[in-house]
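Here come two complexes built around subunit A, the first alongside subunit B, the second alongside subunit C.
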Partner chain A sequence: MFVFLEFLVFKTEEMEINLGPQHPSTHGVLRVKLRLDGETVVQCTPIIGYLHRGVEKICENKTWFQGQVWTDRMDYVAAVTNNLGWAEGVEKLFGIQVPRRAHYVRTLLAELNRIASHQLWLATHALDIGAMTVFLYCFRDREAILDIFEAFCGARLTTTAFRIGGLREDVPPGMDRMVRNFLKAFSTGIEEYETLLSENRIWKKRTVGVAKLQAKDAVALGITGPVLRAAGVPYDVRKAFPSAAYAEMDFQIATRPEADTYARYLVRLEEMRQSARIVQQCLDGLPEGPVMAKIPKILKSEVCEVYHSIEAPKGELGYYFVGEKGGANPYRMHVRAPSFVNLQALPKMTEGNLLADVIAAIGTLDVVLGEIDR
Partner chain B sequence: MDTPENGTPTPEAPAAGPYVYDLAASPQRQVVLPKTAPLPSLKAYRAEVAAAQAADEAKWQKMLADFETAKAKAAEEGKPEPKAPVRPVPRKDDNDVKTPFPTEAADPDLHRLVELLADKVEEVFEQAGELVCQVRKECVLETLLLCRDDEQLKYDLLADETATHFPAARDFAFSVVYQLTSISRRKKLRIRILIPEGFEPDSAFPAYPTANWLEREIYDMLGIRFRQHPDMTRILCPEGWEGWPLRKEYPVVGLGQRDIDFREDRSGVLMRMAMEKAGQMGINLKVPKAD
Partner chain C sequence: MDSFARLLHLSPPLAWMALKLLIVIGGVMGIAAVLTWVERRGAAMMQDRIGPNRAGVKGITLLGLVQLAADGIKFFLKEDVVPPHGNRLLFTLAPALAFVPAMLGFAVIPFGQSFSSGGQAYHLSLLDPGNGMGMLYPLAIGSMAVYGILVASWSSNNKWAILGGMRSGANMVSYELGMSLAVISIFMAAGNSPVGSPVTLEAYDPHRIVEAQEGLWFAVRQPLGFLVFFTCMFAETNRLPFDFAEGESEIVAGFHTEYSSMKFALLQLSEYIHIVTASALLVTLYLGGWRIPFVPNPGVLLSVAAFLAKLLFLCWVFVWVRWTIPRFRYDQLMFLGWKVMLPLSMANLLLQAWLMHGRGIA
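Moving on to the complex of A and B:
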């Protein structure tokens, strides 16, 4: 009896463990220092920088055209949206007017990339939580998008899809059919993901009410993208500050009020559907005309600073450029990486919760370390 | 190591010769500092335009005067009158490039800021459709709190914060910019401060908690410390890193990298040494020749 009572008043001792940087569920080289009390997280400190390559410094020594290549290597699962941000930012700095057809093709490819990025997110997030089949389904469908990129620019991941002033070449013959085939396959594919997960009891147990982040905290922490929209804030850069051809597109901003992991899953699924709608509209309304503006061979900037942001799959992706007079390369280039800012919310989402939910929280934030460390 | 008479060992002299790569002389390590400080500003732009116009006018006046003297000379010598000069018009290019220049502040938000902050505002202007407000470096936190809380401004999201190094500027060394977004009003605003070397601006953390990591990144990359920041440590570089990578005097090749550069090995000395070393270790690096 006495021994039993001793167990009731046992003292707990806090323990410090490292999650990563080689842990497969941290999606790259993220290291999270956790202070645990039993299975409860007391303190969570993300440690980053293992993939730092100094992209900003390198781009300051490359011309306006060459720098775009480096944007592929930041968010490497959504290279096309990175290219879009770079191209539009530089065009804003120079005041270049891009033809309407180029805007449409850009929008089409960027939205396809959003679908591909969300598919990769769903695949790995579900795999982290324990659902293996979704991974295979998502990768099967994502393959078609990579094939479309390959047909368009010859590369599947590091695309460098656009040029400053438009596109290098018009869309190849037959790409139209590829995209239509993909859309047809995708409409059934996304239903398959939903049948696997949406009403799955284990999935709901692992996601509903997990890693909550209320709207007030999210805005204060600068969170953007699906994580913010799943907290009920309808902020989408495509609607708020439309660029490319988004002003002419008909789509809705997906929001949910619950602010938990399950809500983010639903928001991203809805976003994929809306992206497919935009792709369809781009295909149907693709205008005729040139795809490249008339720009000089060597771009020489004036004294100017711009901050241009677009809606990347992970959130607001911003490029800040400073140009000097007669400068053939950026005087200063800075990337506002959505994952970098979003990862700041990890302590807020995990502290006081269970260790297993840390994995769900990292997955639901959808971070890409290439973009965080740059 | 040989010890001299007094008993203290002399440090070993660095091995001279072509084998050791001279770090300081490396072409990748050479830094060309910028000669101008490209800070966009309405005042500077106006001064530049006025100076260009004055130079243009002076050139034209000189052409006219030259024509008069040539005419007088021709009349004296009885030659036909020379051709009258034509004022040169700027060459028109048919590119789709319309460079955005700074313009007068027209947006009500900027007027509101000027009204609220009065003489704390140094400059307001618009460029490329973006609103810029430069304030005095001491009152940046006050400005940010005002932007966040004022009913007519309501800039609730700090999208980005970054800094730029201007080694060629005389009275400041860095500009720090804050990109604010108003979610409800769909507007963007840029707050800018100019700070000299060693000045510690107030942290934006009390107004926008997202500034925590953004300011750590600025500190890591440019060495600007922020006052009352909760954790002013390096974030991307390791803790013991030397230097501030995004300053203009920092070379593109980082310090401590690539001590031997095989691309510089024109005579193949380094490669031969590597082969010999490999041979000593029993590794055959030579490509076998076909009979």
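Moving on to the complex of A and C:
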């Protein structure tokens, strides 16, 4: 009827836009193809593969000992936990008994790494949402952890901290004091992050109710780690299938029922506190004894397969090994990378929300592209 | 003053105008330039780090101030990239469009107490009082600033830039209203000069507004209006928590994604000049302008110093806020603008009107 008035109607069209791979807040080289209606996200497609190095294939050509070096380069902000998964997986395959002291040191370092990883997450997540100062507070405190790693194995980021069968060296003298100093500084540091964010009204406005992922969807998508726990599912590999010294540690699984970005923030903060508790226990209860089991110079596998998973900072990190008869290297190696699985939730979390929420969602998922692309 | 004018072979009014121009333009640009340094050093201080302290001439770094010169030189030497499918003319024009309004707003601000010498009154503002525009002028000019951003984003032919421009346009519309209403209640409270005073000034003249704050500053008399205006200033200057047009972590660099070299420097500088002008407005409207509490006639030097002190403090507040709080989301800003700031501003207007009615003024 009013056809002649059609020229008065503004035409709108959806805009397709690439968020990344060169974008300040896609945490590396994630590319997200977005269809936007104004600023509302109509469709969100994560595109990965910009950091693919073929780690799984490379590891098939490396011996059981050498492969660990490549795990450093997967989740490069949590290299120690990656090392732990590899070392324990291989030990499980060969039935190697690791001395108790080595277990304790491994647990200690892995939990320190969890704190470092969560600190980096908080730093970048807050930066994405616009709180710039938290970024440097976190980096300041993370520095102490990297110093501890450096004292232990000489490397700060790509640690290759462990050996199959235990540790190459016992902990250096003075590390005990470094860890205790860190724990003291950390307890005030985490208060500072909380002061800046927890009750900050803008922070809450940007995170409460944003990028929700209900427990049902999270389980269906295979999401693990803090994202799952913030949806109220108390699944933690450290409790469910304890390895290293976790069975002897006293700690709680942090959960929240709200399933939003703010809940994930709270869960990760609580996890940092629990990790600090575990570190304290490892330090106090560090048993005496050797740190290395007696293992042959060259490991030759039988026909076998093994799956071993640990709780990495981002979620369940699993290593799947297939060995052939007389194989000095894995016949097949596969990594169940938590970031890779968790990233699947991005479309579900963001579609129908605003562009700024996509940034918050990428931040809250805590993805590391090195691990996704491998 | 006369001898100074004779020295320059100018008529005294012209010489006075030239001097004021020099002071205002030099002062504003100077403060803006130093503000970039304050921003970096201040941020470093808050974030437990050192900040720029390496650039120096023969080892003289002046606490990192030399970095300013180094950055200036760097910007001149950078390649000036113009996006191939953009509008070249508008792309070049946009930084100027952003820069000039930011600068112009300062023209009516009285930055010191008027004085008289040789039977001639001298006013420390570029435009003398009674020019008929008064405080409406900086508000009008301030709204022009959005064109710089819109033109920059449109001519870049870049999707991120367009998003930034749209945000900035929406931002400006939603905040100008609340801000203007807050200013109207200032005009109401200022009132015309009483009959018999040397110059009769309209209520919206900045000199009259400063005059009216002799007893109590408007910040105390209209705290609600002050709050609204203060918040809107952050939106107006595109600073955190309302830096949507730029929104670094969301839309790359927003409206200046495609800018480089001196064009980029000009856009950046105009942001800082905006801060200076906005602070000056806030000082004039709410913080008593050049007035010092309990000192009725501070004199020229003291009054200028007082104005400068207030101005610099507010500039610091801008820096302070930026490094402390996160960014709002774009729709939350609209919500805040339309559903909180505008009603608050209206409430303030009605409250002031009611109070004045109660006192039998109108």
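Throughout what follows, the second predicted complex is superposed on the first by the 362 of 374 C-alpha atoms of A that agree within 3 Å, B and C clash if a C-alpha of one lies under 4 Å from a C-alpha of the other, contacts with A are read in each partner's own complex, and residues count from 1 in each chain.
The criterion applied here is as follows: a contact is a pair of C-beta atoms (placed from the backbone, for glycine too) under 8 Å apart; a residue touches a chain by one contact, two chains touch by 3 or more.
The model shown is predicted, which means the values in this text are computed figures rather than measured ones.
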item: Superposed partners subunit B and subunit C on subunit A - clash or fit; value: fit
item: Which superposed partner A:48 touches (first subunit B, second subunit C, both, neither); value: first
item: Touching partner for A:294 - first (subunit B), second (subunit C), both, neither; value: first
item: Which superposed partner A:302 touches (first subunit B, second subunit C, both, neither); value: first
item: Subunit B versus subunit C as contact partner of A:76, first or second or both or neither; value: neither
item: Subunit A residues touched by each partner, larger count belonging to subunit B or subunit C; value: B
item: Which of subunit B and subunit C A:341 touches, first, second, both or neither; value: first
item: Touching partner for A:355 - first (subunit B), second (subunit C), both, neither; value: second
item: Cα-centre angle that subunit B and subunit C span when viewed from subunit A, reported as a multiple of 10 degrees; value: 140
item: Minimum C-alpha separation between subunit B and subunit C after superposing on chain A, in Å; value: 24
item: Complex interface listing, subunit A residues touching subunit C; value: 15, 17, 23-25, 38-39, 126-133, 135-137, 140, 196-197, 200, 202-203, 205-206, 354-357, 359
item: Footprint of subunit A on subunit B - complex, ascending; value: 34, 36, 38-40, 44-45, 93-101, 127-130, 132, 156-160, 162, 164-165, 177, 179, 181, 183, 186, 188, 190, 208-210, 212-214, 217, 221, 234-238, 245-246, 250, 252, 254
item: Residues on subunit C engaged by subunit A in the complex (per definition of touch); value: 43, 46-49, 159-160, 163, 166-167, 240-241, 243, 247-252, 322-332
item: Subunit B partner contacts - residues on subunit A that touch it in the complex; value: 48-49, 52, 54, 56-58, 61, 92-98, 165, 219-222, 224, 233, 235, 240-241, 293-296, 302-307, 309, 316, 318, 320, 322-325, 327, 331-332, 334, 336, 340-341, 343-344, 373-374
